[in-house]
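Each of the two complexes below includes chain A, the first together with chain B, the second together with chain C.
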Partner chain A sequence: MNEQYPALLVVVPLLSALVVSIAGWVNKRLCFPVAVAALGMAAWSAVGLLLRVLDEGVIVYKLGGWSPPMGIAYYIDYLNGLVLPVVSIVALLNLIANKKGIEQQFPDKIGPFYTLYLLMVTGLLGIVVTGDAFNLYVLLEIAALTGYGLLAMGEERAPLATLNYLYMGTIGACFYLLGVGYLYIVTGSLNMVDIARLLPPLYQSNTVLAAFIICMVGVWLKMAFFPLHAWLPNAYTYANSAASSLIAPLVTKVMVYVMIRLMLTIFTTEFVFTTLALSDAVVWLAVIAIVMGAVLALAERNLKKMLTYIVVAEVGYMVGGAWLGNRDGMTGAILHIVNDALMTLCVFMVVGNIVYKVKGYAFEDLKGLFRKMPFTMGALVVGAMSIIGVPPTCGFFSKWYLIVGAISSGHYCFMAALIFSSLVSVVLFFRVFEICFYEPFSNHHGHDNHPGGMDEAPVSMVVPLLVVAVILILVGLYTGDIVNHVIQFAIPEAMV
Partner chain B sequence: MTDLISTVIAKYNYWIYITLMMIGLYAMIAKNNLVKKIVGMNIFQTAIILFYVSIGVKKGATIPILEHGHGPDAHHVVHAVDYINPLPHVLMLTAIVVGVATLGVALALAIRIYNNYNTLEEDEILAQIREK
Partner chain C sequence: MKIIGLIIVVVTGALLIYAAADFPAWSDPASPASTYLSPHFIEKTMEETSVPNIVTAVLADYRGFDTMFETTVIFSAGVVCFFLLRISRREEEEPETRYYRHVLTGVTIQLKEGYKIPPSDDFERIDAAWTPPDLIIKTGCRILIPFVQLFALYVIAHGHHSPGGGFQGGVILGASIILLAISHDLRTAVRRMSEKLMAILCAVGVFIYAGTGALCLLLKLNFLDYSALAEVLHVDPITARSHGILIVEIGVGIAVMATMIWIYNNVSSAGRYRQGL
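Now for the complex of A and B:
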């Protein structure tokens, strides 16, 4: 059984998507348990895979027994061994938390919604697990197409925002496909490890350079790396809360994973940092991304949109860290994939709970929430502390690695941008807390001065949220173990 | 000048795909009508499909089915030059499916937008959003 984990990871959610769509016609109540069981199975396989990788090193799983480079192989090393459990656990917790929200928002579309949700997770897990460059493109499009479907189920402006995302996402995926085509012309292979083996004599070739740059631009478009971020804020803001709290934590982070995979496995650090002299330019772009993300977040009077701009800034952290060109920076970037997925999930789930109860997420809707929803707001405090970077929450540690990497490579501007964005996050979140502490004006009229009771979201929404908040602190406390036992081996030894 | 022309003619398939890609990109950026943008997106995707198809082609080669692959004299040397490379073409079957699916989703979204705003012109939609 545990030999088949790599296949189960993708096949179980894929087939259960079919089961859920049929179950939706028979009885809507069947959809949720099937979906939870499927994602639970995926999470179990992902954790099992991580343990196996820790135990026996890199796993190559030949689909259908065809060995690479002819067949498609799933390739699990320390890098995606770490990302897989994060993706599957985030998807599972978010699914459980949003059961009530989905029933409230789309009572007629429960079956289709869970089907799309499972297909989306299939795509994301497939992107992370695959060792084939073209297979990655197909799964990228599966994740993207289902993502458009999920995001468009929202407010009135959601379809237009999603259509803009669709244009940009399609251009991004097509650029990636074009880059893979160039690689295929020069190497005749699509298997990542095989391409990496064939490339070194061709490092001076213009075709390889073009392939690298086109792939990078495509991936940056998909991850909303400033200035290619324009599609993200509206698409995520106007979507329903279940979809945005799945897509905001995962899609950008999985794309960062793809970028790191391209840099470390396919093109290798020798090509990226020695042959190319792009590193400084990309780190500067990341600096601009972080600063602009923070400033644009500051301009918002709307909690959800503010958080989307924080996502844009966080993408800058990871891209900058990966391109610093040293071990600490790369460690910080990989660790931040994990941490940012969890803390973005935490804050977006908080928004989901608020929307469920208050039906709004503008700042003026938030008044008096600390009294009404103490648990939800407690989770928001933990998530905010993590985004700001207060120990012992996990956000502190990845930021620490990124800053150490910035100093040792001499990119002081990147360090300054990290600190600036942390300070802006302090302002952003304490402004939200301040609004949430004060009571709405209506409560102070006349004699009607006594505050109302607690009006917390349902237990099924609060418990997963609190679990995420606890995970944020636990991941922070065990950062040393994660770095020493996993991430250290994910980075090639050539990188100092 | 003749150098340039001969380079263009020698690699005309690449020039065609780049031209098509730019037409698609232009339509996506500059057109105001949402359906025209979607058409531009489809041209963009098709350009890449043509690029892939063209890199598998060899002059004078035939479809990749081995001649005399069965029977008593089945074991003989296969000349790769005689057969086109099927792999890029097979990959594009998947890419065509992806393209059709993207087009379908995009048109479905366009219908939703039309139902909301009663127009598909982007400036009119944005004007309506600003009024609210």
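Now for the complex of A and C:
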């Protein structure tokens, strides 16, 4: 059992998606328990894998029993060992929290919704766990296709916004595939470790350079790195809350993981930082991404859209950190994948609860929420503190590593952008809190407006949210352990 | 905006041409793609998998895991089409006037709301946009469809030895039912292959593939290692690989066929399952 975790991680959600799809036609009540059991099993395998990696180092799993260059292999090292539990736990908590919302929104289509949800998680887990560059593309397709389906169900404008995402996402995926094709032409291999072994003599080749650039641009498109971000805010805002709070935390973060995997494993730091002289330019782009994300968020008058621009700014943090070219920056970027996934989940789940109760997320709808929904708003405070970067929430620590990395490589502008964006976040969230503290004005007829009592979202929505809020603080408190025992080994020795 | 687009396209094109400068020569037998893994596949496929068709062996065995997910991609496309397009019965308003057609005479009758016709096989429900199918087309397709399906089964079953396999065979099989829907009407096709059946067959097809993989796992070998099936099939492990490929090809065929029909039904009728195309 133990040695089959890599396969179970992906296969259990896949098989259960098929079971749920059939159950949707036979007995709808079976869908939710099957989905929760499958994601629970996936989370169990992911945690088991991380513990095994801590114990015995890199795990190789040969699918179909074929050795790597011939067949497909899964590699679990410290990098994806850390990301896998995050992906599976985020998906599980979000699923439990959204049971009521899903039943409220799609009473007739519960089966297909859970099917797509599980397939999406299968795709994301598969992207993270695989050691084969082409297999990654296939799972990217699954994650993208199901993502379009999930996002397009929502408000009136959701289908158009998602169509826009579909165009951009397809171009991104095609670019990645083209890059992998180029690598195959010059090396003859699709296995990541094998490509990395065959590449060094070819570092001067135009084809390898073009493959790297095309792959990067493709991945940047998928993660909405400024200026390729235009599809993200609308697609995430207008979608239903169950889908947006799955996709907003995970998809961009998984794509950042893919970028770091390309940089560290396939092309190696020697090629990325020594042979190419691109890192300054990319860090500058990241600076613009952070500043623009923060400024555009400031211009929004609606909570969900404001949060989507914060996601754009956070992508800038991670890309910038990874491209600083030193150990601290990379540590910050990897740590921020974990932290940002959790804090984005936290704030989007809060929006989900508000939408469930208030049926809106514009700033005017938020009045009086601290009295009405104290637990939900408490979680929003924790999430906001983490995004701003207040210790002991986890957001502080990754930002700290990023700033240290920026100083030690002399990119003071990146440091300034990080601090600027934190200050803007303070303004953003305290503006929201201020609105939420005040009661709505008395209604038109001049009746006394009694401040309403508590009207919290159902327990099944609040408990997972509070669990996420607690995890935010716990991850913050245990940052030292995560960095010293996991991330430190995820970054190659060659990087100082 | 158009000029910016043009600049981006020109830059991307220039990058691709720049990259092509270092490509190995066209059909160069010494290129890495031809020398690195291909010799192994060409020389060893028969002895390792007992499949004479190298393409099938690479597709469904050496890289069978990718193919499983390609099938899943098709399945997802079907589910997404259903999820987004299908108008649920609750939302769908029942039309005020309904139309029935007497099968033998072709007489069409119109029923106002509240009226019913006695249950019998003589009448079939038709849609408002229904037009009588052309007799020549209808008869021609009826002759053609069984042969199309027979050919599809051949393509699926013979994928080991000759070009073909589950994807191609499944598409041909699906096309035969779509041909029925086009030459007759959508209701006729849905009566033969109901919506529920299609939806379940899609999942069953992929399940056959992934389930075969999981069975190998239960038999104490890695996922999709077909040689584990030797125990169940009572053959030697190498032959078991060939049989395993056939099993998953059948799964792919079912999934692809059902998805093609399901997507056609949802897209052509905009999720209403009424004649609209």
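Heads up, the rule we're going with is that the second predicted complex is superposed on the first by the 489 of 496 C-alpha atoms of A that agree within 3 Å, B and C clash if a C-alpha of one lies under 4 Å from a C-alpha of the other, contacts with A are read in each partner's own complex, and residues count from 1 in each chain.
Criterion: a residue touches a chain if its C-beta (ideal position, glycine included) is under 8 Å from a C-beta of that chain, and two chains touch if they have at least 3 such contacts.
This structure is a prediction, so every number in the text was calculated from the model and none was measured.
Once the two complexes are laid over each other on the shared chain, residue contacts for A:Phe134 go to chain B and to chain C alike.
In the superposition on chain A, A:Ile471 makes contact with neither chain B nor chain C. In the superposition on chain A, A:Phe113 contacts chain C only, with no contact to chain B.
Of the two partner chains, chain B is the only one touched by A:Leu166; chain C is not.
Residue contacts after overlaying the shared chain place A:Glu156 against chain B, while chain C stays out of touching range. After overlaying the two complexes on the shared chain, residue contacts for A:Cys174 are found with chain B alone; chain C is out of touch. Using the contact criterion defined above for the overlaid structures, shared-chain residue A:Tyr184 touches chain B and also reaches chain C. Look at A:Leu145: by the touch rule set out above, it reaches both chain B and chain C. Applying the stated contact rule after C-alpha superposition, one finds that A:Leu63 touches chain C and leaves chain B untouched.
Counting contacts by the rule stated earlier, residues 134, 138, 141, 145, 148-149, 152, 159, 184-185 of chain A appear in both its interface with chain B and its interface with chain C.
Those residues of chain A that touch chain C in the complex are listed here as 4, 7-8, 11, 14-15, 18-19, 21-22, 24-25, 61-66, 69-72, 107-109, 112-113, 115-116, 119, 122, 126, 134-135, 138-139, 141-142, 145-146, 148-149, 152-153, 159, 182, 184-189, 198, 205-211, 213-214. Partner chain A is touched in their complex by these residues of chain C: 15-16, 18-24, 31-38, 40-41, 61-66, 69-70, 72-73, 75-77, 79-80, 82-84, 86, 88-90, 196, 199-200, 202-204, 206-207, 210-211, 213-214, 217, 221-227. The part of chain A that touches chain B in the complex is made up of residues 134, 137-138, 141, 145, 148-149, 152, 156-157, 159-160, 162-163, 166-167, 170-171, 174, 177-178, 181, 184-185. Across the complex, chain A is touched by residues 25, 28, 34, 37, 41, 44-45, 48, 51-52, 55, 87-88, 91, 94-95, 98, 101-102, 105-106, 109-110, 112-113, 116, 125, 129 of chain B.
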